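Letters A, B, C, D and E name the chains as they come in the text, with residue numbers starting at 1 for each one.
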Amino acid sequence: MMGRLLEKSIAVLSWIAGFLLIASLLLLLTYLVNKGWSSLRVSLIFGDTVPLDALLLKRQVFDGIFPAIVGTLFLIVGSMFIAIPVGIAGGIYMAEYCRGKMKSLLNLAFDILAGVPSIIVGLAGLLLTIFLNRTFHGQIKTCLLISCVSLASLVLPYIIRTTQTALETVDPVVRKTAPALGASRLQNITMVLLPNSISNIFSGVILATGRCAEDTAVIMLTGAVATAGLPRSIFDQYEALPFYIYYISSQYTGPDELAQGFGAAIILLLLCTGLLVSTLWIQRRLSIILLYR
Amino acid sequence: MDTATTVNNTAVQVSTVDVPVKIYTQSLCFYYRRQKVLHDISLQLPANQITAITGPSGSGKSTFLMVLNRLWEEVEGCDISGKVTMELAGHFKNIHDPTLPVCELRRKVAMVFQQPNPLPMSIYKNIAFPLRLAHVNDKKRIKENVEFVLRQVCLWDEVKDRLGDDGRLLSGGQQQRLCLARALVLNPEVLLLDEPTSSLDPEASNAIEELLLTLKSQCTLVMVSHYQDQIQRIADFHIKVLNGRFSTGLDWRGDCNQNS
Amino acid sequence: SDDLSSFAGQKGTLRIAGGTAHIPVMKEAAKQIINFNPQIQISIAGGGSGLGIKQAGEGLVDIGNAGRKPSDDEIHNYNLQLVKWAVDGVGAVVHPKNKAQSLTNTQLQDIYSGKISNWKDVGGVDREINLYTRDEASGTREVFWKKALAKGDISAKANVVVSNGAMKTAVAGDPFAIGFVSVGNMDSSVAPVALDGVAPSPESVRSGEYKVARGLYSLTKGEPSGLAKLFLEFIVSPTGQQIVVDKGFIPVQ
Amino acid sequence: MRLPTYSVSEYLFLAAAVFSGLLAVAIFCFLFFFGLPLLQSGQLVDLLFSSWAPDKGLYGIYPMLITSLTLATVSMLISFPVSLGCSFVITSLAPVRLRRVLLAVIRVMTGIPTVVYSFAALFLLVPLMRSLVGHGTGMSILTAAPVLALVIAPTMILFFVDSFSKVSSRFTLAVDALGGSEIQKLLYVILPLAWPGIVNGVLLGFGRAMGDTMVSLMLAGNSTAAPESMTESARTLTAHIALVMAFDFDSMEFKSIFVCGLFLYILTAALMLLFRMFTVYFSERT
Amino acid sequence: MDTATTVNNTAVQVSTVDVPVKIYTQSLCFYYRRQKVLHDISLQLPANQITAITGPSGSGKSTFLMVLNRLWEEVEGCDISGKVTMELAGHFKNIHDPTLPVCELRRKVAMVFQQPNPLPMSIYKNIAFPLRLAHVNDKKRIKENVEFVLRQVCLWDEVKDRLGDDGRLLSGGQQQRLCLARALVLNPEVLLLDEPTSSLDPEASNAIEELLLTLKSQCTLVMVSHYQDQIQRIADFHIKVLNGRFSTGLDWRGDCNQNS
């Protein structure tokens, strides 16, 4: 009888939890849309610049979030470009090669790295900049590159961890199969284990992408600014949507600017959703291509 | 490599027949974590013959096969002692010899598992897989080989229209034949079979038995089987296992039931 | 206009950071410059006066903004050059519905030190006073603390917000709040508090009647050069000073 | 018995792992290095147990430490049951179609910036809390906690669902064949097999709760006094770092934020270590 | 429930013998994604008898068993058409009837898989598991039941000292018997067996066959098997499958080989 009651109540509580979460999300969304709807115009993105001119980089955009959108995309691409290869390689090492003392040591290191607050990562990025600035006579300042490196270190443990667990949880039978056919360890990894866990690895990548898209504390210290226009190189400062929203929330001068903040929040949500959908699509294609082509 | 010189060209003396030897084991013991699973096995397995291993379930038959191609190394918490010597490409070698890479060994000593284990990829890719591992890149040759072995195991007609399907979607028996085909594609010298017909119907089973008999000329077969009648039909030698202890001598079945 | 002509043919990037009170002016100036010559790139960040001084000193930005005069140590250590381009007041603000819109200096000090903790003691409703202050890097806070509070205590229970804008938001949303913002940043969402009878406004600051005033500075490490020099010249030019006026500050020229 | 012989790519794997591991060490080292002067000045005890009053030469972080721990714990207490419940719904309680939709929604949620949550809460939750509590500004630990819970929930849910779905279908099919209901399958087979994943998710969630800057910076009020109750304005270590950031490099204030960072770091590291030891202890027992 | 009234108490007419019917299928078709695996099957399975199903591998035998306890619903991409009626607790019911919860059905219609699938828990817990699912809380009764079924499948002596060990560490054959014991612990009315002795040695196999014969009195057995001799020994009826098409009539084996 006890068991039955427990099972029932857990099921009911779970549903309640689900509704709670979705309800708060809906509340947030309706509030954002309600407040930001009025600002969702072309001018929110491009200000008073002609959109085509802005897209062709003919004119700078002022009072629009176009540079912030582009900056966010650059940030994501840049940091993933660093984090994915290093993270996956590290994860492979952890799952397939690392044993004994070394493994528990590195495991702990990654646990800690995953727990390091983002603002400390940002702080580290800033101090790194200052250090480089002093050694290279003012050549290096806070910029896109520094932000990408900092963000990459922030999400690195996520990718390492998911890669590691994805590889470690491959069915032992599958794991033994390729060696039985004469595969070397590297062959087993590249031809069986990785393709097999690629979709799991991708969920780590998705998580990491989301984290890069949303983080404010790191970029606040390493190069995101209120106005900068489009970055022309990775050594430029840049605008980014989360920072823009934070900035508006503390600096807005009137209801119009506030609505712009809400509009930016909506755009950022759309951007994240778009990114997610495309990553999911790549995830699907990739595992099909790797295994069945 | 002292053993290699002394045992080379030796043959097993069974009853009155001399048979060349392919594999020696010397005081082989095997442990799963705390537990001793194989006890001090010293055996000779004859070349180009079918040796059947029987014994109650849990007595260590599968484990013994895994020792022969060093596959146990992929399982955590195992340990081994003793020595296994095998004739490969004409020379006797200690299979743990560092000059013999384990991949090489496993390509020469193919294995079909008790439970079929198709890889999570298409049927075609499953079979082409060992070729890919051995860096065979000639597309046409791969294709021919795949078709050849699929015909060998009588699976070609059933799957020729769905070579792109996931190998794991096949039925149990189809999977078993798929795995056999995959083991054959590299022309191994030794073929280890763990109950190769356990999920097959009598007809398919017969076909496989026929196949095994034809394979004798090109490789040495070691087969775990539960079916007395199957052993009667195709095995040349018979080893009985009980609780990790192997019957020392080979039971020569050639005189009462000579197939080859 | 003429004041922009010096930017013709220039290119490169200019980095500005620091005081949050400066940002509206900086943004408008940058907009005009870039519209005049798109080859120029200008980035503007906040962070507070302290950050502006430090980053300019470290060479991380070309121009640092400060809402207070840097200390002699800072000027000396970093070899800073100052340009004062506006005068600004700092005034206490409350929610527009709050009746207590006039305080004596002592009352204000007592409120901020926590001695007076209820609005009814200063003519308001019977509710606890919600104190707001700025972070320690703020130039606005520094000036308010020195000149309005006479370096008196600020209660540890006070809420801390990070910019002039955030302060305005907080006070505008909280009927029982008191805070302080730069006069240039004040608008109808908050009500200025008259101090000893003088309400903070651009006029009272300009006339010198309202005492809690300060300069808005931009600093460079060493003599300004290149774009930084042109930018600073632009700010103090008639066009630049017009921007200063438009944004609610008092021009120096 | 196995003697690894590494090829070039395998050395690259090694390098990547070691590099990433060294990052953790590097961050510690530089926090330590920069915080050293303050630590050396023999103020360690003061630092830990005094409050923040730089005017009086007090650089203590005791109030922030308390706030950080309280806020993280409270938001975890809210978030963990909700996340676990949601992951139950997503893995087995909901119909298959709904599961996919929910999972997609959760994934999108991981990408919603913390600032967006805080931004909305600033206008929605803060006035509500102010009127509910009846005194104070409405910015308090209690205001920040549910928002922070919402921020960390998606990550935790994804980790939970992920570890649930990794349970082999052989086992789930076996339970189905024995007449187990969905919830039974979950409770008796999936959960016992997936608990390391749950521990991982909780660890990560707690780390994020401790480390989040924006929510507490925007919603908790940031007063430097040690909070006497949950409804009072308070400042977390991370918000403290963000607020003190702008000080002079050579000032004690600035150095103290490295000590803050160091404490945050040591705190999370100690938690990780504790959790890991706990995990090992239990996995050896079962 | 119109079928229930009309077919109740009907019996199959096979040769000259009348046997009460346990399960009817009516124009049953089954699909894996695009592929039709079972073709229009209308069958009657007699109560308290052993019905053997044979057929080449891949012909749909396992699939047919999965239909009978609705287990296919847990596999992605499957679809079914047609009707299955079963006598449960004395009444004929459509097994897809919403008033019959699927969990209830599966407790009454137990299944042993082709590949043994012990759960990742101790041997004891594995067997007590279905009881736990059915909310049996009486510790003593559970213990008795566990011992009883372990003795039934002749596993008790082998595992009685290591009941706390993980069920997956048993050998293949031990695992299979474990799974059989687990299926029996709830006293099912129908027992579906997918090659129940495929990984057993002859001795264990014989013991299981004995057991199945004694089980006939308490439940209806449907068994997939490849071994002609096994079917000869224990099955009462015999159905042949070919490519998803079942031989319509039952092949009454009772006259030539009556065991019960």
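Throughout what follows, a residue touches a chain if its C-beta (ideal position, glycine included) is under 8 Å from a C-beta of that chain, and two chains touch if they have at least 3 such contacts.
Note that the structure is a prediction, hence the values are computed from the model and not measured.
Asker: Any chains in contact with both chain A and chain E?
Answerer: Correct list: B, D.
Asker: Would you identify the chain whose Cα-based centre sits farthest away from the centre of chain E?
Answerer: C
Asker: May I ask which two chains are joined by the most contacting C-beta pairs?
Answerer: The chain pair with the largest number of C-beta contacts is A-D.
Asker: Report, in whole Å, the distance between the mean C-alpha point of chain A and the mean C-alpha point of chain C.
Answerer: Going by mean C-alpha positions, chain A sits 35 Å from chain C.
Asker: Could you state the distance in Å from the CA-based centre of chain B to that of chain E?
Answerer: Taking the mean C-alpha position of each chain, the two centres sit 33 Å apart.
Asker: Taking each chain's centre as its mean C-alpha position, how far apart are chain A and chain B in Å?
Answerer: 49
Asker: So which bits of chain C are touching at least two other chains?
Answerer: If we look for residues of chain C contacting two or more partner chains, we find 58, 161-162, 169.
Asker: Quick check: what residues of chain D touch more than one other chain, meaning two or more?
Answerer: Residues 122-123, 181, 184, 242, 245.
Asker: Provide the list of chain B residues touching at least two other chains, using ranges where the numbers run on.
Answerer: Residues 115 of chain B each touch two or more of the other chains.
Asker: Hey, which residues of chain A end up touching chain C in the complex?
Answerer: Counting only chain A, the residues touching chain C are 58-60, 62-63, 129-130, 133, 138, 141-142, 224-229, 232, 236-238, 247, 249-254.
Asker: Considering the complex alone, what residue numbers of chain D touch chain C?
Answerer: Touch list, chain D to chain C: 51-54, 63, 122-123, 126-127, 130, 135-139, 217, 221-225, 232-233, 235, 242-249, 253.
Asker: Which chain E residues qualify as touching chain D in the complex?
Answerer: Per the touch definition, chain E meets chain D at residues 69, 71, 74-75, 103-108, 110-111, 113, 117-121, 129-130, 132-134, 179, 182-183, 186.
Asker: Going by the contact rule at the top, pick out the chain D residues touching chain E in the complex.
Answerer: 170-181, 184, 188-189, 192-193
Asker: For chain A, which residues count as touching chain E in their complex?
Answerer: Listed in rising order, the residues of chain A that touch chain E are 1-4.
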